[in-house]
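As C-alpha cells, here come the structures.
Next come two complexes, and both contain chain A; in the first it sits with chain B, in the second with chain C.
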Partner chain A sequence: MPLASVYANDWLAIPVLLAVVVGGVYLVSVLDELFGEVVSGSRPNLGRSLRLPVRQAALLLCQSATRTEHPDRILWPVAPAAYAALAAAGMAVIPFAEGFAVADVRTGIVVFGAAEVLTFVAVYLHGWSANAPLALIGGYRSLVQGFSFMLLSMFVLIGVALPARSLSVGQIVEAQSGLWNVVRHPLGLPLFLVVGLGAALWGPLRLPDSRELAGGTVGEVSGPQRLAWEFARRAMLVSYAVMAASAFLGGYLGPWLPGPVWLLGKSVAMLAVFVALGHLVGRVRPERFMAQAWTVLLPLSFLDILIAGVEALP
Partner chain B sequence: MAVSRLARLAAAAPVPVFAALGAGARGPVEELTLSDDVTLVDSPRHATVLLVVGAVPRSLIRPLSQVHDQLAHPRATAWWSSEEATLDPLPQATLIRAESDVVLAVGGLHAALLRGERASELDVLPDEPANPWRGLGANGQGGEGMMGGTPYGRPMAMTGEDRDGLPLDQLHLRLGPFLPAFPAGLVLDTVIQGDVLQECAVVGNPFERDELLGGALTATPPDPERTLAAMERARARHHLHGVARTLRLHGLDALARRTLALAMAPPDDGDRVRYLAHRLERSTALRWATEGVGRIDPSAAEAVGGIVARAAGWSSDARSDDPVYAELGFTPIFRHGSDAQARWRQRLAEAAQALDLAAAAGERRSDGAALELPWGDDDADRRLLDLLPGLLTGQELGDAMTTLDSLDLDLERVARAVARTERA
Partner chain C sequence: MNPETSLWTDLAFWAFGLAAVWYGWRVFRTDSMVRATFALLASFLNVGAIMVLLLAEYLGTALFFMMAVEMAVMAIFMVAFMMNPAGLNPMQMVHQHRFAIVAGAATFAGLAGLGFAVDFPDRPLIIAADTIQQLGFELMGSSMLVMQSIGVTLLATMIGAVVLSSKWGRYGDSDAGSVPPSLDPEQREEDRS
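And then the complex of A and B:
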C-alpha cells in the first residue's frame, strides 16, 4: 500500500495541523511549569499550571509594542512569523495517521531539513533587526550554534530514510512496523533531540536568547510580538517532538489504539523529555559545545548512518 | 467586554518585574523568585513593574530613567526601600517600605494598571537622539565607503584584528549599571568583536562619594554580639544565595529556586547542601560552562583572600586562629582550580561546613576578634575590582558573565572600604 500514501494530501489535515501546533504550544507551557515546580521542590499545582499560559499570553496581548532606535520595521515582526511558519512547514510532511498528512511528499525529510536550516535565518533576523547590541550578539550566537549542529540533523534523518528506502516520512513510519528505529540504530534519537533543542532555542541551547544577554534576540521585544516569538519557539519544539516520534518511535503505528492516539502519546513523551532537559541541563558554553559538536556528535552521526546503512543491506 | 475579559486574565498573571538594584538589594530581590505571583524578568521590555530596590546613588538616576522609558505600556514604578526619600526624576514611583509585603504591593500595581484604574507612566526623558545626526554622505553613511562617521554622536563600528587574525567590526558598548547579571552599580566600558570582549574598563563606582537616595534593605556588617551558630548560618545563607544566582545565570531557574529555599530555611546540618553539591557536580553542562573560566593566577587569588583564595589552593581563613573554632574542630576547606567551577564548588562546600559548625556550636560565642567574613575581609572586594578588567578582557561575553558571577563582587563594600581608608 504505502505508495498510495505518498501523494495523499488531505485538506482536512491543515486544520488538524494548526490544532496540533496550538495545542502543543499550550502543552509545552503547562509541562514546563509543572516540571519547574517538581525540580524546584515545591508541590506541582496542576490548576495553576493550566491557567498560567493563558494568563501570560493575555498579559502580552495587553502590553504595547516597544520601539528601539531605528529598528528594521519590516523584518522585525516578520522574524517570529517566519519562525512559526517554518515549524508548521516542517510538521506538514508528517502523517498524523496512515495516509493522513498535509503533504506527505516523497522528499519529506528534505523539506523538514530545509525548514530547519531557515530557522537560523529567522533567529538571526530577529536579533539583527532590533538594532540593539545584546540582541545582535544573540543573533551572532544563533549562527555559530547553527553551524555546529546543522549537519547532524541531516545525517540522522538520512539514517532513518535508509531502512525505508524513501525520504517520505510516511514510508519511514511504515518501515518501522517490524522494529522501531530507536532500537535499530539507537544513536539517532539522542542526536536528533540535540538538534531540536538548538532549533527551538530551548534549555541548554538557548544561547541566542540567554539570560546573560538580558534576553538576547527577544530582549528588546515586548507585547504581542514577544508572544509570537515565544509561541514560535514552542511550535518548533512541538515540530521536533512529532518528527522524533515519527522517525524513531514508529509514529502512528501501535496495537489496539487508533494511530493518532499513538502518535499523540509518543509526541507528548518527547515533549516531556525536551522540557525535562530544559530544567536539568544548564546552558552550554558556546565554545565547548562547538568543539564537542564537531569532534564527538558529528562522528557519532556518521556512526549512526553507518549502522543504519549496514542494517539496511538486503 | 472582550477587552476587559482579556485584561482581567492579564491582571491575574504573575507580575513581570524588572529589578533595578541599589545598595543592599540583591538578596531580597532574589528571594522574590520563590514567589508564584512575581516573575523576575531579564529585560525591562518584558516588565510591567520597574522595581527600584535599596539605596540608589544619585548618579544612577539618569540610567534608571532610561531603563524606565524602555518598559512597555502599561507600566508602573515601585521603590522598595527602608527609608523614605524621593526619586525626584521618577515622581510617579510608589514607595514600598522594607517591612511591607512587596509581592502584594507589586501585584496591586499590576492589577490596577491592567484594569485601567491606574494610568500607565509616561516617559521621563525626551524621546529624541542623545546627539545630533553627524553622519556624512547622501545617506548619512559617514566617512570611508560604508565605514566611519559619527551618526548621532556615536562612532560607526570600524574593523580591527580579532584573535583569529580576521578583521571584524568592533562594537563600543557600555554595559550596566542595571544589567541583571551584574552586581549593583557596575558599569563596564567595553569594545566587543562578535562575542569577544576585546577591551574592558570599569567606569567608576557610583557608591563612592555619591549621595544615596533611600536606604538599603539589608544591613550587611555582621553583629559581633551574635552567637557563632547565627554567624555560620548567615554564612551558609550568603553562599547558597550566590550558588542560586549562578544556577539562574546558567538557565537552571528551578534548581536555583530549590537552592534558594535551602538558603531561606537553613537545614540543621550540611547534608542536604552536600547532596545538592554532589548532584550539581555531576552536571556536564555546568562543568563545561564553568571549568577553566575566569581563572585567576594563584598568587593574585591569595592576595584577594576569602573564597577566591581557598578555591585556588590556599587554606587561609581567619577562623583557623580562633580558639572557639579550634574547639569545634574547624579546618579550612580548600581546593585547586582557581576558576569559576572551583569557586561555586567551594561555596557549596563552605555552606555545608558552616551548617555543620552551626549545629555543633550550641550557644558558643567567639571572643569578637575579626573573623572571616563570607566574602573574605573588608578589603577583598576592592582588590577584586582591581583585578576585574584584566580578568574579563579577551573572554567571550558569556564567559565574562560567568566569571563576574563567580567573584561575589559588591561595589558598595568597595565604597565602604575606600571610605574607611580615607578616614584612617
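And then the complex of A and C:
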C-alpha cells in the first residue's frame, strides 16, 4: 500500500494525543498557579497548586449553568467542544517520535493553519450565540484580532517549511537534524508565540474574554460549559507549545534520551514560556495591538520568511 | 486502491456530500445572517473534505482556511453594514422566491445531469505522486500571470473597500455634521421633512 509512504499514521498515537491534551491542560493550570504566586510575591506552594485546578474544575462541574434570553441552543454549547477539537486536530499532524503521529500528512502545517483560523470562528460563535451584548463584542474582537495575525502565522509556518522543502511536520522536524529552525531564522519563534497567545486567548491577548468586557465571550457562561471553555483554551496553548517545539526546537530530535522525552521537555519549556508571558506581559489595548500587528509584526514576518528563504537556498 | 479503503472512502464521500447539501439548504432556511454565513461555511468544509478524499489535499485544506476567513469577513462586514444589528434579529433570508427556486433547481439539475452525462476519464491517481509540488509549479509557473492578476485585483478591491468605509478621509470625518436621531418621535418626523 503506497499510502504508508505518504502518511505516517499510527492508531496508537490517538490515546497518546488525548493523554497529552489532558495532561498538558492540567500542567498549564498548575504552572499558571505557581507563576501567579511567584509574581505576586507569595511563597509558591506546590501542594496547593497541584490541588487547586482539580478543585476549581470540580466546583465548575457542580455549578448551575446560567441561561441568557434566547441563546443559540446548538452553537453555544458546541463552540467550546469545537475549540478543544480544533486544538487536538492541530496537534494530530505533529509526530511525537519518529514516524509516530496521529496523521503526519503531507499538508501538516496547512492543517494546523486551518485549525487556527477555525479557532477564531469558534470563539466568535461562542460570543455571538450567547445573545448578550458584551459577549458579542468579545466575539467580534476575536475575529478582528484573528485577522491581524493570521497572515503572520502563515508566513512564519511557511518559513519553517522552506528548509524542509515539505509541508509535513515530520519532514520539518527531520530537516532540523543539523540546525534548529530557531537558530536558522530567529524571528520565527517569538512571532509564533504571539500567535499562540492569541489563539489560546491567553495573557496579554486575552482580549475576547477580557475583564473590561466583564468576561467577554465567557461573561454569560458558567458551570460545565465554562469548564469546557477553560479546558479548550489550555488545550490550544498545549497545541501551540508542541508545535513550537517541533517547528523551531527540533521536536523529538536530541542525543542520548529517547525522542518523546525530548519533545516532552521542549514542549513543557514552551508551556512555561507561555504561562510566564501571561503573567509578565501587560494586557494590550485591542486597537493598539491591531495597528502594531499590521505595521510591526507583519513586516517582521516578511523579514523572517526572507531570512528563511535565503538560508534555504541550495 | 484496495477495496476495503474504497468502501470507507465511499461512505465518507456520501456523508460529506449529504452534509454539504444539508448545510447549503440550511443557509436559505435560517432566519439569521450569522447562522446563514456559518451554515455556508459548514457546507464548504464538507466540500473541502471531499477534495481531501480525492487526494487534492492541499486544495481541500486550503479551502478550509480560505472559507473560514471569508465567512468570518462576511460575518463582520455584511452584518456590520446591515440594518439587522449583529444578525441577532430574525430576518427573512431570501428574496425573489419563485425565481430563486427555479434558478436553483435548474442549476442543480444541470450540474448533476452533467455529472451523469460526461464520460469521465478513469485514471487512478498514484497516491505517492507529489501532487502538491505539481500544483505549486502550476500556480507559480504557467498560471503565474493569472494568479498575480487576481491577487492584485483582490488587493485593490480590499483597499478600496477599506477606504470607502473609513470614517476618516481626505476631506475630514465622513459623519461630520450628522446628528443622532432624536428620541422624540415627533421631533424625528420634523427632522426628516
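Some points to look at:
Note that the second predicted complex is superposed on the first by the 308 of 314 C-alpha atoms of A that agree within 3 Å, B and C clash if a C-alpha of one lies under 4 Å from a C-alpha of the other, contacts with A are read in each partner's own complex, and residues count from 1 in each chain.
Throughout what follows, a residue touches a chain if its C-beta (ideal position, glycine included) is under 8 Å from a C-beta of that chain, and two chains touch if they have at least 3 such contacts.
Since the model is a prediction, treat every value here as computed from it, not as a measurement.
Once the two complexes are laid over each other on the shared chain, residue contacts for A:47 go to neither chain B nor chain C.
Looking at the shared chain after the overlay, A:255 reaches neither chain B nor chain C.
Legend: residue contacts after superposition of the two complexes on their common chain; A:140 is shown touching both chain B and chain C. In the superposed pair of complexes, A:215 makes contact with chain B only, with no contact to chain C. Legend: residue contacts after superposition of the two complexes on their common chain; A:120 is shown touching chain C, with no touch to chain B.
Of the two partner chains, neither chain B nor chain C is touched by A:178. Counting the residues of chain A that each partner touches, chain B and chain C differ, and the larger count belongs to B. By the document's definition of touching, of the two partners only chain C reaches A:110; chain B does not. With both structures placed on the common chain, the touch criterion links A:314 to neither chain B nor chain C. When both complexes are aligned on chain A by C-alpha atoms, chain A residues 136, 140, 144 touch chain B in the first and chain C in the second. The part of chain A that touches chain B in the complex is made up of residues 35-42, 48, 51-52, 54-56, 58-59, 61-66, 69, 133, 136-137, 140-141, 144, 203-204, 206-207, 210-215, 218-223, 226, 278-289, 292.
By the touch criterion given at the top, residues 2, 5, 34-35, 38, 41, 57-58, 61-62, 64-65, 68-69, 71-73, 75-76, 86-88, 126-128, 132 of chain C touch chain A in their complex. Note for the complex: chain B touches chain A at residues 6-7, 9-10, 12-14, 16, 36, 41-43, 45-46, 48, 70-74, 114, 129, 152, 171, 173, 179-181, 192, 194-195, 247-258, 261, 283-286, 288-289, 293, 396-399, 401-402. Those residues of chain A whose C-beta lies close enough to touch chain C in the complex are 1-3, 5-6, 72, 75, 105-107, 110-111, 113-114, 116-118, 120-121, 124-125, 128, 131, 136, 140, 143-144, 146-147, 150, 167.
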